[in-house]
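Each of the next two complexes has chain A plus one more chain, namely chain B in the first and chain C in the second.
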Partner chain A sequence: MALLSPEVREAVTGILRAAAVALAVSWTALPIILAITYALADPNDYYNMEKVIPTRLTLEHIRSLIALGAGRAIVNSVIVALLTVAFSFALGLPAGYALARFVFPGRDTVKLLLVGMRMFPIIVIGVPLTVLYLKIGLNDTLLGVALAHTSMALPFVVLITSSIFAGIPKDLEEAGLIFGLTRAGVLLHITMPMALPGLAAAAMFAFLLSWNEVFVASVLTFNNRTLPAFVLVQVAAATELIKFAAVIIMVAPALVFVFAARKYLVTMWGITLR
Partner chain B sequence: MVEVRLEGIRKRFGKTVAVDGINLTVEDGEFIVLLGPSGCGKTTTLRIIAGLEKPDEGRVLFGGRDVTRLPPRERNVSMVFQSYAVWPHMKVFDNIAFPLRIKGRPEEEIRRRVKWAAELLGIDDLLDRYPAQLSGGQRQRVAVARAIVVEPDVMLMDEPLSNLDAVLRIRMRSELKKLQRKIGVTTIYVTHDQLEAMTMGDRIAVMNKGRIMQVGSPEEVYDRPANTFVATFIGAPQMNLIKAVARSTGDGVVLDAGDFKLPAPQGLKVDDGAEVLVGVRPEHFTLQGREGIPAIRGILDFVERLGSDTILHVNTGNHIVVVKISGDYPAQVGDEVTVYPRLEKVRVFDASSGSLIG
Partner chain C sequence: MRVERDKLLPYILVAPSIAYMAFFIGYPLLEGVRLAFVDEKGRFTLANIEYMLYSVHSKFWDALKFTTLLAGVVIPIEVAIAIALAMLLTYKFKGRDLAVYVVVLPLVISDVAAGLIWYSMLTGGGFLNKLLLNLGVISEPVIFFGREYLWREFVAVVLAEVWRSTAIVFVILFAGLQMISGELIEAAEVFGASPMQKLRHIILPLLKPSLQAALIIRTLFAFQVFGSVWILAGRDIPVLAGEAYYEQVELHHTGVAALYALVIACISLFLGFIYIKSFRAKYLEVGV
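Take a look at the complex of A and B:
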């Protein structure tokens, strides 16, 4: 290397860096691109050994997926995910605020327990939950699935929102109290507007958690399948092309979320709010 | 504008006593400074006056009205925070207008009053900006404008200048003081900077360990510090405190420091042989001797040349006496020097309690 001129060395590093970036990008992007391509591929092209990239495209697989009941499953998934967001925020937001703002006995224990809840394998909870749901008549209902998802999302929502609130200087709230606001007024006029971008990211996180969850949804429902449960049960036996189509439907919301929220994802982990 | 009175205020945080029985009356329109080292309870006292903390004991009275249990919004106070606490999600105009909006004032009045406050602080061309687009000094002016726009009964300031650079800090001192005089609002100002306290306060309350050590005008706390804490906290370099023994002689009491002797101030009542601390400020020495003034001789230990002044550390054998001489002084470390204290400025403190006794 010592023999190379600075210009050559610079060129070599440039090429190496570009290669590393290309590798990283293809690692994540290639499977998605392949899935999308094959989901729209004409079966003749797909099964043609001489064709790697299909040229004739069709919506046939997505249509047959919908014929199997995917439309209903998507609607179910959206309802369950929205309920999960609503429940986990109704409970998690005040908890997160309290953890961020007030010192009380056992505060650190509460935080630790919240993280600890994630150590429970969901399979261990799934079966007793089904039994319980059968007893109280919540089995095979969207509300039941949403409640189960809320219990999974809640620790995250509490921890994320508490880090968002902790990032808002206390002085700004106290200035609100001094200049005429009640505690509730401070929350409404000062804290919430500043926390909003971060809270939106946390909401999308809870939404996706519910959207992707397959085990509990499969165990707790029979007729009212959410999308992942539907895909697991219905598509397992279907053709590869229909599996690819299912991939698209599953991944699309996540992609939209990442593109819309990547700016806010930084604040979600409580870095800074300025 | 009101008189503020604190009666027996006490506040504990867990096991630490932050404020330990404070009584203080701030007169209507007065500018009072709470001065003390960090952790002395001055900020807690201010927050109790603001209503951000509730005292464990004692009462807070605004013009005779007991406000101890009232939330901040019902006290008609305003506050300038050390961090400025200007809301980042609102433009400058909305920040200043906010207290008026909450009070439901008509839009026309809001515009007029915001304009008045902004012009007073020279920020009327910044009203359309967000705080993130302002410098620290500008943000601070926004915080002050927001504090005066409501015409508060009491204005509270918590170390408002400590985040500014040195030049701006000195300029803002006189500006804030002039502003306070112009609008005549009762002001309570917290700082740990004794120069700020001396230049701005009508009176200074010097605090230590949750108690008020002395309340008085800047001249009083400088000239007759109530104890050794106040004596050394006010003034830079610090007042010399020289260990000495009081001895009764035929012509009155003499303070014997071993290396030198000083006549005690008139009317000092002290037992023969009592241990005392003799307090002399560095600026209260001269180089010219006069009849009857005892000389203090020693070897120059260290010299600080500040341009306008020269600070000499004189080793007299058992003591280091710090002396401030105006202008340059052509002496070197190791030289022998003789200085003369201005006897009318000499103060005497009890060695064990630290209280001023003469």
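Take a look at the complex of A and C:
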């Protein structure tokens, strides 16, 4: 390298870097694209060993998956995820606001508690909850799964929303107060509209946490399976093409999320994972 | 009165969340201990722990072995890839943001879906076998799945896990790298530091806190591994969470399943304790 002129060296570095980026992107994206393509493959193409990339596509396998009962599981998963978002926001939004806007004794302790709770594995709560739910009639209910998922999503919701509120200038709120708005008025007309896009991203993240969770959902349900639980139990015994079809449905909300919330991705995960 | 209310307000706003979490962590832990060590008649029992440790039907030791082994193989690979990726994507270039979105995508894909994706890549008629057959690299499909191919199944699980959770390590390192001042790196360049010297003497030392955080969090997740392993290898490769699921759902050994959950809880609490202890100051200083 030392023999080359600086321009050549720069060009070579640029090409190597571009190649490395291309490799990284394909390593992540290709398996998803290929799995989706295979899920749509015409069986004649799939079982033809010379056909590496299927060209004739069909929705037949998704239909077979739905016929197995995936339709109901999808509806169940959506209900559980929406309930999880509703519960975790109802509880977590006020807490996030308080952590961002008030200085009070014990604030740091609360933050640390939440950081610690965020790391508590949801797997641990599944088995004991089955016993509690049997006693109070919540076993095999969507509400029961949503309550468990809320405990997983809540620390994330508090930490993310508090960082979103902290990012909204306090001056604007104070200006609102000076011009005669009440505290509630300020919240409604100034803070919330500005926080809304970030909150939407946080809501989608909470939705996905629930949508993706499999262990607790499969332990707590029997007839009312969510989609991952359904896939784990029923689809595992189905044909390969039906298994691939499950990928499309499971991955779709994640793709929508990454596209819609792309502006918030790295900051949000920086916060939640640090 | 007004002052009093304002003083109480933040506590009133925070209390519901803390109470909810306290219940959903505290109750299962206590109930878990009761399920694991108390029999139906309310007497103390060691039957569950004896079953878990010594029964021929129990795969506890294998599960502990494979969970640890998987973590030991997967995590170093992920850290190496994540460091390289974070350095690569820190430079600003056209299309960088798009590349970052794609690279972090697996973070929001479920473990079950990741398992199925890699099943579609590696199965007999899957993409990789077809590709290699048609390129003439192999003459018949490489079989990855089935009990007799245990180590190939293990490779499949490693691939799926590395694919799925490198993003977790990457995001933490990437966020950490953004905080390192560019001036330091530029200064090193001015003084003629080679890329390797920059990495060793500037970037890695400054990245150490993020690296520690990433390692602990990733290890924590590693002990919860379940969906991808269950899809790709079933119980051929037993893992702690998988055995908890099996004992509970298939055998209705609630006490044993609770015991597995407690083992996972203890490992997690231990790692979480280290995490809070080492990052407490830093976390609060950066602020949420």
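Some observations on this one:
Methods note: the second predicted complex is superposed on the first by the 252 of 274 C-alpha atoms of A that agree within 3 Å, B and C clash if a C-alpha of one lies under 4 Å from a C-alpha of the other, contacts with A are read in each partner's own complex, and residues count from 1 in each chain.
Following the convention adopted for this analysis, a contact is a pair of C-beta atoms (placed from the backbone, for glycine too) under 8 Å apart; a residue touches a chain by one contact, two chains touch by 3 or more.
None of these values were measured; they are calculated from a predicted model.
Legend: residue contacts after superposition of the two complexes on their common chain; A:Lys243 is shown touching chain C, with no touch to chain B.
For chain A, the partner that touches more of its residues is C, with chain B and chain C as the two candidates.
Of the two partner chains placed by the overlay, neither chain B nor chain C lies in contact with A:Phe156.
With both structures placed on the common chain, the touch criterion links A:Phe89 to neither chain B nor chain C.
By the touch criterion defined above, A:Ile190 reaches chain B but does not reach chain C. In the superposed model, A:Tyr133 lies in contact with neither chain B nor chain C.
By the touch criterion defined above, A:Leu177 reaches chain B but does not reach chain C.
Overlap of the chain B and chain C interfaces on chain A comprises residues 273-274. Note for the complex: chain C touches chain A at residues 7, 9-11, 13-14, 16-18, 20-21, 24-25, 27-29, 31-32, 35, 84-85, 88-89, 91, 93, 95, 97, 99-113, 116-121, 123, 125-127, 130-131, 133-134, 141, 163, 167-168, 171-172, 174-175, 210, 213-214, 217, 220, 223-224, 226-227, 230-231, 241, 244-245, 248-249, 254, 257-258, 261-262, 264-265, 268, 271-272, 275-276, 279-280, 283-284, 286-288.
Of all the residues in chain B, the ones that touch chain A in their complex are 50-52, 71-73, 77-79, 81-83, 85, 87-89, 98-99, 102-103, 132, 146, 150.
Interface residues of chain A facing chain B in the complex, by the touch rule stated above, are 169, 171-172, 174-182, 185, 190, 193-194, 273-274. Residue ranges of chain A in contact with chain C, taken from their complex: 17, 20-21, 24-25, 27-29, 31-32, 34-35, 38-39, 46-47, 49-52, 91-92, 94-95, 97-100, 102, 104, 106-108, 110-117, 119-121, 123-132, 147-148, 150-151, 154-155, 158-159, 162-163, 166, 205, 208, 211-215, 218-219, 228, 231-232, 236, 240, 243-244, 246-247, 250-251, 254-255, 257-259, 262, 265-267, 269-271, 273-274.
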